[in-house]
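One chain, chain A, links the two complexes that follow: it is found with chain B in the first and with chain C in the second.
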Partner chain A sequence: MSVEISAPMPGSIVGILVKVGDEVKENDELITLEAMKMENPIFAPSDGMVKEIRVKEKDSVEAGQLLIVME
Partner chain B sequence: MLLGLLETGFPLFYWGNALMIVIGLGFIYLAIAKKMEPLLLVPIGFGMILVNLPLGGMMDYEMTLKAPQAGIVMEVPMHEGDAFEKGGVIYKLDTGEVTAPVFGRVDSLKVSQGQSVEKGQPLASLITMEQTNQAEVPTHPVGLFSRIFKFGVMWQILPPLMFLCLGALTDFGPMLANPKTMLLGAAAQFGVYLAFFLALIVGFSMTEAASIGIIGGAEGPTTIYVTSLLAPHIIGATAVACYSYMALVPIILPPVIRLLTTKEERGIYMKPSLRKVSKLEKILFPLITTIVVILIVPSSAPLIGCFMVGNLFNECGVTERLNKTAQTTFIDIITIFLTLAIGASMPAQIFLQSRTLLILILGVISFASAAAAGVILAKIMNLFLKEKINPMIGAAGVSAVPMSARVVQVMGQKENKQNFLLMHAMGPNVAGAIGAAIAGGVFLGILG
Partner chain C sequence: MNRPVFLKYWHVPERLCSVAFRRWSRSFSCVSTPVISEAGSGGGHYIGRIEGMTNQEKLDLLKEKAKKVEAGGGEKAIAKLHASGRLTARERLALLFDEGSFVELYKFVEHRCTNFGMGTKESPGEGVVTGYGTVNGRTVFSYAQDFGVMGGSLGEMHATKIVKCLEQATKTGCPVVGMNDSGGARIHEGIDALAGYGKIFYKNTMASGVIPQICAIMGPSAGGAVYSPALMDFVYMVKKDYSQMFITGPVVVKSVTGEEVSAVELGGAITHNQKSGNSHFVADSDEDCIGQIKQLLSYLPSSHNERPPVIACDDPVDRREEKLNTIVPESSKRPYDMKKLIRMVVDNGEIYESQALFATNMITCFARMDGSTVGIIANQPLSMAGCLDIDASDKAARFIRCCDCFNVPLLTFVDVPGYLPGINQEFGGIIRHGAKLLYAYPEATVPKITIVTRKAYGGAYLGMCNNEAGADMVIAWPTAEIAVMGADGAADIIFRTESADVKQQMKDEYIEEFATPYRAASHALIEQVIEPRETRPTIISALKMLENKEEERPYKKHGNIPL
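Coming up: the complex of A and B.
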């Protein structure tokens, strides 16, 4: 089953800490999203494998925009 | 040799100046080494140093001492260049003493022993660094910073212009997406009124108490604006309290929040995707707010009007140049003038008084109780809401945009890593800024 992780708020991507194929544990940091001049870590909601990364560093994202698909 | 020494600042330099210079250096250290609010603390700290170097003249005001009654000059205890305390005797007439209404130093003496004087005759020209009530003790600025202070702060030009820039930097989207968070920003104004009454109880006047209470609004320009109109003699203390506590929000807020919430409440998850706010809503908001708020609280017009026109620059989409200038160059220029002037309003003779310490204590009470009121209202709202809100976002109602919202975000993620409260907390946060301006307007309407 795949899990979609989307941006919780508008901002820009300042760090991608995983790559496709990585195994991650629940609450591992996946992406750093800068919003309101603050770096916000986005964590894995569950254990799994990174299947797709839909953004790259310095991308501006909207709230709700898909960032990562996990399996 | 001795004559040469008299022309330097050393004879007038006392321990209070040294202490203020150490505090100013401390501000600059915090800014550089700890990155604490550097854009504010560097110029404020430097202004404090400058104004505590005697005879520098940066914050000097000149005033003419006039004879309160006719008489013959019996004794002149002061010489030109002498320093005196507030209430110090400048002349002794046969009909009574003529005392200084401010602290300062003698610039020139116009009459001498044995001379008879008429009521209202100028006796001496005095130099002071004190902000006075101009109706009682008229002064005119003769230093660089006193001119900036008089025409920028006392004429109420710089604080509203600062608000214009902040308006351009503010996104009311999160508040409009979830309008009930406006109530949390309003609740936080409780801190303003609590500190107001506490200040009255400990012996401050009505106008001083209002200026102290407004510290809890956590908006530098609002605090400076209200104090400059109501109690200019304590402006250094209220401004420093406000800006310091804004910088200390990450230290003040967490214990207040922890005290009033359980671990489960702090972990309450709020769905991230907020309603998308349309451009039309964002354009109508500053227009409608201006008209409604100013009709209800007319004295808030300079702050609310400037805040909203700045916001309209940001949202209307056709004033990009004005918006960009307000957000960058213009806010920097205003910041330089305002912060240097505020730093310079703190000569040791004014700042190092027991009442300054009281103002700082009341200020932190105002701040903490503002945050507490927001949290408590959020908990009350949760009794009625189907979809619970995380009560921590109430604490962001204290304003201090966006610092308090960030604190809530960090605390929220500590309890639940999937929780993103930042945008939810921005609602009460910006509502708090409006609330503080309105609270200031209410004080000015009643006491101004």
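Coming up: the complex of A and C.
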């Protein structure tokens, strides 16, 4: 089953800490989203594998925009 | 306008001793043994002939009738409930109350309906078990709906039992715990069933702010049935398929909007704890749920006339936590876990979080300081930068008002960058929802202590119990940045016509001047600046100092909080 991870609020991507195919554990930081002048970590909601990364660094994203698909 | 007069039952001043009261008290002298006369006539119910029976037969009759009610819907119905993973109403009550303390009331209540074949239909206990008992030695009232008896459906007399339970709990100043497991209104009874819900809502409203009202959704709860829980202080749901809450179920949703959704997705424990915020706590099972309710009760007083219970504290009051000095990262852009920080400060690191999965940018929890309950409200930098938004404001404001009702002092931990910008927030009414916070803090008269760990910017700081919002004590860490707005934004506005180099220099100066606690301290806008490791002893000392705080409010019927 795939898990979709979306941006919790609008901001810009300042760091992508994983690549497609990486195995990640729950609460690992996947992406850093700068918003509200803070570097907000986006964590893995569960253990799994990174299947797709839908953004690149410096992208501006909207709230709810899909960032990563995990499996 | 007369102020309401509250009377303790043992003390009635002579001037208030009305004619009616004197008549009422005299009536005791003429009470005689109740007379039981003709019986066994109405509505197809068997009441039992009393005349002509020996005393032994009368005793046997009582036992027989009690046994029948206690059997609920019978073995088959109970087996079915167990198979679905849930406990029966009586099993739930047995878990809640101290052993042997439960006293059942209104055991022999029966329905009065004769429509649609109901005249001959029995409903042992009317599908709900009510009474009182002790929970860790303190009196608590409870009602538990019995799904095994006519699906726990709510009719006129079922509602009457709950209403009387709420009345007695309110009158005696005892918490009430409702355990809901009901198929909904007993439609055979028509408008009488509907009126039953209405009466319960009315009593819930009357009890609000007087006694803690706790509700556990331990079965389906649909339509009108959801509004009694919603009117109560805390709602529990069980992470099982049977725990559901919705106004209209999946079938109606599909027929009206075409949306397909399962009952659990629409109104299960996770939905209401994560998405809607209708539920405050989630439990793994019935047993876990009841255990958690007992834990919650331990933090709360029995009524608004009492203070919360104080327990012995084995965590040193002067414990200085060195790790607090380094918990805030060097870069003010990096987040840290506010929950971890709170745990380092409170007794034994124990917190009991309300709405833990909802609006996670705001933390609301109970904890103890030197054995006394405190209600904690805190921004969580780890979630959405700890900003304020509609849900966070709504969640915190409700929690603040609940603590204030029940004399629980408020601790507010502040690290707030501002309000979340966005069309959705503005269209969704962040102005009025955010105003709930601005209202709830000044309205509260309990001791209010605020700890500023880092960012305290602009309007968002005004929403986090600063001095002007009525905080009795604002304590800042040296890492605090108490300012009207962030340095970057402010410098951009003030020095917008300057060159980039000058701008940067001005920005640095601005940060030095304003991104500290000392400007606020020099204007007496905060009480103390402390080393973070001193936080626990400082708060405990402040709570002790504020113990007998009194704060007057002008008399009014009630305020008009922006809802």
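Basically, the second predicted complex is superposed on the first by the 71 of 71 C-alpha atoms of A that agree within 3 Å, B and C clash if a C-alpha of one lies under 4 Å from a C-alpha of the other, contacts with A are read in each partner's own complex, and residues count from 1 in each chain.
By our rule, contacts are C-beta pairs under 8 Å (C-beta built on N, C-alpha and C of every residue); 3 or more make two chains touch, one makes a residue touch a chain.
Bear in mind that the values here come from a model prediction, so they are computed numbers and not experimental data.
Q: When the two structures are superposed on chain A, do chain B and chain C clash or fit side by side?
A: Result for chain B and chain C: clash.
Q: Quick check on the superposed pair: does A:N27 touch chain B, chain C, both, or neither? Answer first, second, both or neither.
A: The first partner, chain B, only.
Q: If you stack the two complexes on chain A, which partner ends up touching A:P8: first (chain B), second (chain C), both, or neither?
A: So A:P8 meets both chain B and chain C here.
Q: After the superposition on A, what does A:E39 contact: first (chain B), second (chain C), both or neither?
A: The second partner, chain C, only.
Q: Let me test your reading of the model: by the given contact rule, A:A63 touches which partner, first (chain B), second (chain C), both or neither?
A: So A:A63 meets both chain B and chain C here.
Q: Pick from 6-14, 132-140, 384-392 or 438-446: which stretch of chain B gets in the way of chain C?
A: Between chain B and chain C, the clashing stretch is 384-392.
Q: Show which residues of chain A both chain B and chain C reach, each in its own complex.
A: 8-9, 35-38, 40-41, 63
Q: Which part of chain A faces chain B closely enough to touch in the complex?
A: Per the touch definition, chain A meets chain B at residues 6, 8-9, 27, 35-38, 40-41, 43, 45, 63-64.
Q: Could you please specify the touching residues of chain C with respect to chain A in the complex?
A: 331, 333-335, 381-387, 417-418, 420-422, 424, 486, 488
Q: Under the touch definition given earlier, write down the residues of chain B that touch chain A in their complex.
A: Going through chain B, the ones touching chain A are 272-274, 276, 402, 405-406, 409, 413, 417-418, 420, 422-423, 426.
Q: Name, in rising order, each residue of chain A that touches chain C in their complex.
A: Contact set of chain A toward chain C: 8-10, 34-41, 63.
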